[in-house]
Amino acid sequence: MTAQTAPRPVVLEARHMTRRFGGLTAVNDVSFDVHEGEIFGLIGPNGAGKTTLFNLMTGLTPPSSGTLTYQGQQVTGLAPHRVATLGLSRTFQNIRLFRELTALENVKIAQHIRTRAGLWSGVLGLARDEEARVERKAWELLDLVGLSDRAGEGAGNFSYGDQRKLEIARALATEPRVLLLDEPAAGMNTAEKGQLTSFIREVRDRFDLTVMVIEHHVPLVMNLCDRVAVLNFGQLIAVGDPASVQRDPKVIEAYLGGE
Amino acid sequence: MLEIERLSVNYGAIQAVRDLSLHVDEGEIVTLIGANGAGKTTTLRAVSRMLRPVAGSLRFGGRDITRIPADEAVKIGIAQSPEGRQVLARQSVQDNLELGAYTRNDGAGVRQDIERMYGRFPRLGERRSQLAGTLSGGEQQMLAIARALMSRPKLLLLDEPSLGLAPIIVREIFDIIRELNEQGTTILLVEQNAKLAMQASHRTYVLEAGQLTFSGPSAELINDERVLHAYLGG
Amino acid sequence: MELSQFVQSVMNGLAIGSVYAIFALGYTLVFSILGIINFAHGAVFTLGAYFTYTLVVGQFENNGLLKGINLFPDGSPFAGNPWMFALATLLAAALAGGVAVLIERLAFKPMRARGADPLLALVSSLGVALVIVNLIQLLVGAEIYNFPSNAYGETPPALSFQIGDKTVIIRTVQIIIFLVSMVMLGLLGYVIGRTKVGKALRAVAENPGTASLLGISVDRFILITFFLSGFLGGLAGTLVGTAFGVAGPYFGVAYGLKGLAVIVLGGLGSIPGAVVGGLVIGLAEAFVPADYSAYKDVVAFALLFIILLVRPQGLLGRAVIQKV
Amino acid sequence: MNDFLSTYGFLMVTMVQAGLLGLSLYFPFQAGQLSLASPGFYALGGYTAAIMLTNPAFAGLRDSLGNGMFVLTWLVAALLAGLLGLLVGVPALRLRGIYLALATIAFVEIMRVVSLNLSITGGAVGIFGVPQPFGFQDRWQYIWLFLPLLLLVLLFTRQMERSRVGRAFRAIREDELAADAMGVNPTHYKVMAFVIGAVLAGVVGAMSAPLLSSWNARQGTFDASIAMLAFVLIGGNRNLWGPVVGGALLTAIPELLRGLADWRLVINGLVLVVASLYLPRGIVGALQKLGRARAPQRPTPLPEVKG
Amino acid sequence: QKVETPIAIGVSVAQTGNVALLGQEQVIGARFAEKFLNARGGINGTPFKLVFQDAGGDENTSINAFQNLINKDKVVGIVGPTLSQQAFAADPIAERAKVPVLGPSNTAKGIPQIGNFIARVSAPIAVVAPNAVKQALKINPNIKKVAVLYAQNDAFSVSETGTFQETAKAQGLTVATVQKFQTTDTDFTTQVTAVLNEKVDLVIISGLAADGGNLVKQLRQLGYKGLIVGGNGLNTSNMFPVCQKLCDGVIIAQAYSPAQGSAANQVFVKAYRDQYKKDPPQFAAQAYAGVQVFVEALKVIDRKKKLSTWELDDLRVELNKQLLLGKYNTPLGALSFDKEGEVNQKEFYVAQIRMKDAKNGSFVYLK
């Protein structure tokens, strides 16, 4: 937990974000701010609307109402690839790698928006430098998540935990400013979860990121996050530093359960 | 009840499990732990007959089940809550549960059991007619576990049941595991939350790169230096 | 448009449409369970008609290996009586079901076992269709065959009624086809929608792996599916044959394209969708003004194109909701 | 040799032609789109060439261009097919899987019926008496057109697959939604793949009208759609050689079986079944499995430029 | 390269595919000619043989078949292919190789004009269409309104319907409706109800056996009582199983009639009946005529210079030349060719269908 001295500038502003599915309001009038460089946790019971909120933020699901702005630019209403171009990138709770492609290719593909080569420059081989850059960066990212010795293997063959790591590498390849991680530790054992904490911090520092993370593993959240928001039945019931959130009776009742 | 002898399973050229032998006695809870890619899921899938081993044998209740089809395994009392949940996305929650009881012929009992599941997982009760594919990750996990219970198995295979569940529900799951076991169900459990699993189980096997490294009573292993270091984040 | 003309067009549309529908029922069944387009369905449909012909007449023309054969020198036991004809039809349909089962065993199952791309089933079934069609031609020639004209007893060939001073008419065979397709739809709908078998079939359709994890014998259900599909196809073949003649080995294959359009329009995997799709296309064709009859097929396919753009899952298909 | 060419020259040309048509389907395939529209564009290209080469309206142009007229037909066909591809592709590519396949079949069927009814396309008879380009005497000489085109397209495809655009195609094929989330605009690339295929089919059509000396509505049909799909699948849909090998083979087999007389097509059908059973990844897929995939090589490290 | 004996004549028709219905009749006709003419001494005492290469139903297969016949089988001439569209694609191959071709069933405009080596025995029988309409008027002079239906995807039907429509107008009849369909269609309820709406007293159909038969059947079943004229595509007993008893009374324009009185035809008809228990169909007769024309032309050449002494290439050219000069007494009647290769057929026929029972019927020659 890094004690925050001066509040850093707000990069993400969510205002009254709401999403209904038929009669169900999965995300209900949610507003919050995320500051630059912070690691912002999102917790809450199953079905509280956390993943849905991520979907609203990344353009995969259009909100019923409400807005999200990133550094003053409106994000809601944009198609997912436009959101990615703005600098928001994510991983998926139900891992969505390009399963039949190699790990290396997965990471190369994600550099799409940061490269330019069109059909003809690609075909005529005019983009060699760019290709070389893509290649190098892909290897670097695989190194980072420790998968470079399996770069040529199909992503679908990786075990659950390794797939999660590869997804993070892929998300980083889009050169995001904000990284959204949906249950990155699911499927990792306790030791690995510990490593994940330092890994996420390292990534944040190295790439100068703002990170939002959904996670059910409480020790990890408490350890990792600068601030934590709690969703319950689609509504935000608490936001604050980990310690105070953990003590909040509403959170204990809805989520943590009494000891 | 379950005896695995010198089991080897390959994916193409990749050897996922090598020469693995273990056994689960009737009435036991046995935990299988190991790092990512150690072969835990592969082992469970071999037992539920979703994968064909290249070598070794499987016996269940004295019967050789190495070659029976997967649906037959369910009929003789093996149920699995699989990795990745595998709920039937286009069927309702209720239909998923009913299909979980496909091998049973007691309509009334099935209905009763379904109500019981809704009691344990109120979330599912609220969502009974929702398509399973639109459930949240954790809700699907609950459904996968509940569905496996619906066949009233003799041997229950749970692959990372706590995955994606809120702490409050994780506790509920382990309560259920204990209860079921008290009622006589044998359980083979794969868990990443090794501590929790070992606390709940009688014995533990540790897998590494497709091979067995340690095994023993959970209570002993939980204090073992090496296990502590590698899997419990100690 | 005058009322009588409108009613006539509706009847025409239902008449054409029910032929499409009855063809498509068995077609969509296999698709809904295995997710494969079975081009051999048209060939099985054809076989059904030839089987019935063999039972009811048992003589072939001049151009095949079987020329000159006469199975029933004393007259077929199935001839001359509509009930016996119906029995022959059912027997032939069962045979066609058997052929479909054989096709599944020889041409599809090994492919599934090898984890092939399901699209490849399309090629394999195309091969099967080619084999069957050309075997028919080899055995009995490309002639047009037909059933005795009294197959349905002494029913009038068409029914008519008055609207105002205008007559509206419809052929009896087509009423029969319409009714049979409704009955089949009802039966199938009941089995799939209401019974445990149906629930299991739906599970197999969605994910065979998961289905077997629940104790469902995937293999057996696939066989049942193929048998039903072949049975329906065979039945349809005979019925359509009584309406239009068994116009050579390609007679069923010719319905393949429209049949595909029908099941996609109705919504893939939806059993009622096959019938609704058939009727909609039939109606669309029937309402093309007489002067533009040349563009009948354009209208049908343009309609299909437009409906798909508005409802990408087809009329009765359920949109695949993907939870991310 | 000469005899061989005269007997089998045409077959050889059609084998190459089938490979090209298979490739035209392969482009949308790469982006995961099951499009069967190629016969429609092939027919369009053929009509374009047939009309430009026989219609009196173009007599002046023909006289002044000479053999250049043939080249012009290719260009015009490419242009028209590309435009029509855009027009059809943008709405149709919102559909997925079989639904897309059917929408494209609908397109093929609409093209067919319309061309049956127009007088400029010669109705049911079609257009005949299409002249031969470059003084070609024998059909095998068309190999000088089709083979270079094939090589060009293969080169194009190979280069494209290794480029950013090729990766975008594959990403969409694997998981459209994830590709979108990773910044790849699915609509853009799907339409691009579709249009490339359309242009190729159009050009092949334009070259084929003189090859057949005639053109009619039977050239672009549902049957052709399915045949081309078979080229791609039997050859292997994950490698650019797949459609080429598949197209060539499936075109050759019924001809090589001529000796079997009446059993010819029965056996041809069996070949299709057996091939799909034993080559689940297509011919090229099977061959690739034999030769092991090379692990990717890390590029020689450059001086580290760490952030 | 010398001619090999026995002299090989190529036959390339649709033995497979969806026009095999026509092709298989052509095979029978050609085989008949082979057997029959060889039994009568072949080519001045030496037998000839037919070589068959399946032309399928598409252009590519017919081109391949032609290439095989010309280069591999070394035939002196070719009878084929079945469809006009195939002819437009395959005939130029033979033209280029200087091999004479006789189209047995190619009726579209422009076939003989493909080249010097292309001729046909199948008349583009526009000439007979008027006769059929006149016959109908003879049977029922009160006819005023007609409906015309045709298969828009069949080249022959499209050109035939043009003649029919002109004739109808020339005879002072009103064409109340023109309906199109496809040869692959089976359900004609829409077209038929449209026809019935117009209360016409004559229906003229240009199509093929299956679709034509279905049209007749459905017209009758839905209550049409007036006369029906069928074009030449309906001149086949293949229609009988489709419309069965309802075929009765249809007036057919024929390019061939079993009733044609020449000795050539009567011998052919008798032999055919003996073997197949029915009248020979037009496609068989035309294929027979094609083979016969080749054989007779070869006989003339052989008399001048023994065939076995010819170079193949020269013989082909000579055969083409001779072919166009001769007059032939075929089952189709007396035939000759103009210098382009267009057939001059003396006689055309109009017949009316008489059904004995549901399966058997005959074309009764009118006039």
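Read from first to last, the chains carry the letters A, B, C, D and E; within each, the first residue is number 1.
Just so we're on the same page, a contact is a pair of C-beta atoms (placed from the backbone, for glycine too) under 8 Å apart; a residue touches a chain by one contact, two chains touch by 3 or more.
Chain labels with UniProt names: A, B = ABC transporter ATP-binding protein; C, D = Branched-chain amino acid ABC transporter permease.
Worth saying up front: this structure is predicted, and the values here are computed from it rather than measured.
Looking at chain C and chain E, the chains that touch each of them are D.
Look at the CA centroids: the one farthest from the centroid of chain A belongs to E.
Each of D-E and A-D has its own count of C-beta contacts, and the greater count is at A-D. Seen from the C-alpha centroid of chain B, the farthest chain centroid is that of E.
Averaged C-alpha coordinates put the centre of chain A at 42 Å from the centre of chain D.
Chain geometry summary: the mean Cα position of chain B and that of chain C are 44 Å apart. Work out the mean CA point of chain C and of chain D, and you get 32 Å between them. Each chain gets one centre point, the mean of its Cα atoms, and the points for chain B and chain E are 74 Å apart. In chain E, the positions touching at least two other chains are 16, 152.
Multi-chain contact residues of chain C, defined as those touching 2 or more other chains: 134, 294, 297, 322-324. Annotation for chain A: residues touching 2 or more other chains are 51, 60, 92-94, 96. Residue ranges of chain B in contact with chain C, taken from their complex: 48, 50, 69-71, 73-75, 80, 82, 86-91, 95, 98-100, 102-103, 131, 133-136, 147, 151. The residues of chain B lying in touch with chain A in their complex are 11, 14, 33, 35-38, 41, 83-84, 123, 127, 134-139, 141-142, 160, 163-171, 192-195, 229-233. Across the complex, chain D is touched by residues 37, 39, 106-107, 110-111, 114-117, 119-124, 126-135, 138, 256-257, 260-261, 264, 268, 294-295, 297-298, 301-302, 304-305, 308-309, 312-314, 322, 324 of chain C.
Those residues of chain D that touch chain A in the shared complex are 156, 159-160, 162-168, 170-171, 174-175, 177-186, 192, 293-296, 298-299, 302, 307. Residues 21, 44-48, 50-52, 93-94, 157-162, 183, 186-194, 216, 218, 254-257 of chain A touch chain B in their complex.
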